[in-house]
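Please read the structure below before turning to the comments.
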Amino acid sequence: MSEDTVLSCTGLSKKFGGITATDNVSLKLQRGARHALIGPNGAGKTTLINLLTGMLTPTAGRIELLGVDISRLAPHQRVQRGLVRTFQINQLFDSLTPLQTLAMTVSQQLGLGASLWYHLGNDRRVADRCEQLLNQFHLSEVMDQPTTQLAYGKRRLLEMAIALACEPRVLLLDEPVAGVPAGEREELLQTVANLPADVSVLLIEHDMDLVFSFAKRMTVLVNGAVLTEGSPDEIAADPRVREVYLGHGEAHG
Amino acid sequence: MLTLLFDGVAYGMLLFVLAIGLSITLGLMNFINLAHGAFAMAGGYTLVLLMQKAGWPFLPSVFMAFAVSALLGLVLEVTLYRRMYHKTHLEQVLFSIGLTFMAVASVDYLVGSTQQLVQLPEFLKGRTELWDGALGMGHYRLAIIVVCALLAWGLQWLLVHTRFGAQLRASVDDRRVAAAMGINVNTIFMATFAVGSGLAGLGGALGAEVLGLDPVFPLKFMIYFLIVVAVGGTSSLTGPLLAALLLGIADVAGKYYVPKLGAFIVYTLMVLILMWRPQGLFTRGNA
Amino acid sequence: MSTTSISLGAGSRERWWEFAVWILLLLLPVLLPKHSLLVSEITIIALFAMSLDLVLGYSGIVSLGHAAFFGTGAYAAALFAKHINPDPLTGLLVATLVSAVLGLVCSPGILRGSDLTRLMVTLGIALILQELANKMDHITGGADGLQGVLMGPVLGRFEFDLMGQTAAYYALAVTLLVFLLLRRWVHSPFGFSLKAIRDNRLRAQAIGIPVHARLMAVYTLAAAIAGLAGGMQAQTTGFASLDVFGFDRSADVLLMLVIGGTGWLWGGLMGAVLFKTLHSLVSALTPQYWTFWIGLFLVLLMLVGREKLLRPWTWGRRS
């Protein structure tokens, strides 16, 4: 296995009773990857993410992160090792403000998460990192507002900011621009484009504009199994892929 | 020992009929109704008052117990419970505890706090001994087993073979999809709650002679109903049935063999079972 | 200081009225000497309610059996004073530790499963302990309770007097100290992670928070504080009886917390004062049927919602 592979899964399968949601999937993510996972609805993309992050237990297969077998690790342990995801439907902490949410996440990252004694904002590093993230994700003006009052686009930005606050080595983005109104998309797309170069990103998206402008490699998932994998040009030219989508969105050449 | 088993089964069947309404309510409406025992009490007191004050015979009074509790359930569902469905479990718990307190205090005020005695009709009194007394079957308990078994079988038939049953099962599985398919979920809730409360009332009436009846009945027995539901699960009829039988036998056997420990055994078993399998003994999958 | 630091600090800075209330509370034994016993009683219950707030308000765990730890603390302190050492502070330490251990042992039971499961496990444990205390009557006095607990002087100097003034100061001082500690806890990263777990357990896991470990820790801490309150109860009243484990006690403290408001520490204190006042008023009018009125109050409170109930000017409006 190449030294540069940060995340890989081999022969990953998941069966629910009689249904095979994930069928013998193997995937490799290189350092600094910009890898997209596409496929029709119900292809099993989110299931795959859930398997990689440990929310679901696979029926077969193994997962390696930075050369270490993480197949048996609990979700929070995988996060601590640098495997972080965002959710298709915002999963935020409604009773906290964006600032508090980020501060808590950053504290957890710095190993201060279990501290009962010191006060949330005391450590300079926490305050500084929060400020950085708030600026990067255009959340500074709303940092003290209760999360429930934020506009949808801001909530989506916060969703991603939280993931970045975890200092990920590998970032799994589950449809980051889904449902975001046109006016707020640009902010979000910019942020996705500006993600740090050494973070490896696996992106699930239906928006083909975003996919083709972002990805350097793509994997197509159909009925839980890998149909094909390759560069954007190869995928766009592949007739099987066109057939699968049956006119859903145009393949760019 | 066989007699103990027999008594335990009778107790268990009674508990099943008492608790099944609670299980269905929780499964269908995701509502934790700690006032369920109050409906049972309503049935019990209906029986007693009709027989003592109005001179009604036993069987019609039992039937009325079902009817009164069902009606009470219907009215309360439409007026009060319906507003609580979308609230948190904590709020539902406190709400139903409040209703229970009101029920307990009202009955205490109106009827007094002494234990109520039930005069069984002649044909239900008496006892049959088999195998030289190894198995002693009280006729009343035998009747309870038969009636409750019939009810259980009837409920199963209702769920599996009728349209109402299918609609009910659909609503339990996915309320929104069921509504989208044209199933009148509100009516299903109302009818189910009424039947569940009615069954509780029936159980309360039948059980008055066996379990006793006084104003604190809901508080005393609520824990048993909850055990049946927590251990038996809310996704089937057989789960609560088996849990109820297990509970009935364990309680009767425990109180006979180790009277010093009494209910302690039942509580400990329950806590251990729930810590081992939080989703209940008889459910598959995650909680 | 950057704006972020300022904002983060603002949430937890003490407000002026908090000082005022505590000064008033600490002066109560002097201002109302005849009501000292009541002051101790309410303070102790308030501390008990605050410990439940940690579990319910901050972590979202519905517990109907928190009295299990209150009762354990009470009996532990009473037995310790009777058979080993009548020094109050040592006894309190023992009560706290014993309850903490019990809390730790029971905490796996509240991690998995539905709300109903948690309800049943917590309820079950309290019932088991009550039964145990009942049956082991050669140690605990059974249904009669453990009587004749004579305490030594606090810190070797302050004797517990019949008027209850020492008891009141004792209870207030201990509660204030614990309150300050709790305050620190809820504004720490740990405290915020509890709220995160309560709001969205899935996401909390997804940012690396070890959810089970945190919940076990908070449950143990809450048990310890409940035991502390129970220990003080036994020490200031001189006896311990079975009702310290009772469902009534668990339900009452739950109600107090709901009235006062969960998720902000003052809810326990406010709720305790309001509840006790309500109780005194209603009991004076209809001593036997307190249950009915409190039941009605609960039903209305839940139907209308606490926010609306406390704002009479919104009653006419549809929300």
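As written, the chain order gives the labels A, B and C, with residue 1 at the start of each chain.
Operating definition for what follows: a residue touches a chain if its C-beta (ideal position, glycine included) is under 8 Å from a C-beta of that chain, and two chains touch if they have at least 3 such contacts.
Owing to the predicted nature of the structure, the values given are computational and were not obtained by experimental measurement.
Contact with chain A and chain B alike is made by C.
Central chain assignment: C. Criterion: smallest distance from chain C-alpha mean to the mean of all protein C-alpha atoms. The chain with its Cα centre farthest from the Cα centre of chain B is A. For this pair, chain A with chain B, the centres built from the Cα atoms lie 48 Å apart. Centre to centre, using the average C-alpha position, chain B and chain C are separated by 33 Å. Inter-chain centre distance (chain A to chain C, centres taken as mean C-alpha positions): 42 Å.
On chain A, the positions that touch chain C within their shared complex are 53, 55, 74-77, 79-80, 84-85, 87, 91-97, 99-101, 103-105, 107-109, 112-121, 124, 126-128, 130-131, 134, 143-144, 162, 165-166.
Here chain C touches chain A in the complex through residues 2-5, 7-9, 11-12, 184-185, 187-193, 195-196, 198-200, 202-211, 213-214, 217, 263, going by the rule given at the top. The touching residues of chain C, when paired with chain B in their complex, are 56, 62, 64, 108-109, 112-117, 119-121, 123-125, 127-128, 131-132, 135, 247, 251, 254-255, 258, 288-289, 291-292, 294-299, 301-303. The touching residues of chain B, counted against chain C in their complex, run 26, 32, 80, 83-84, 87, 89-95, 97-106, 108-109, 219, 223, 226-227, 229-230, 260-264, 267-268, 270-271, 274-275, 278-279, 287.
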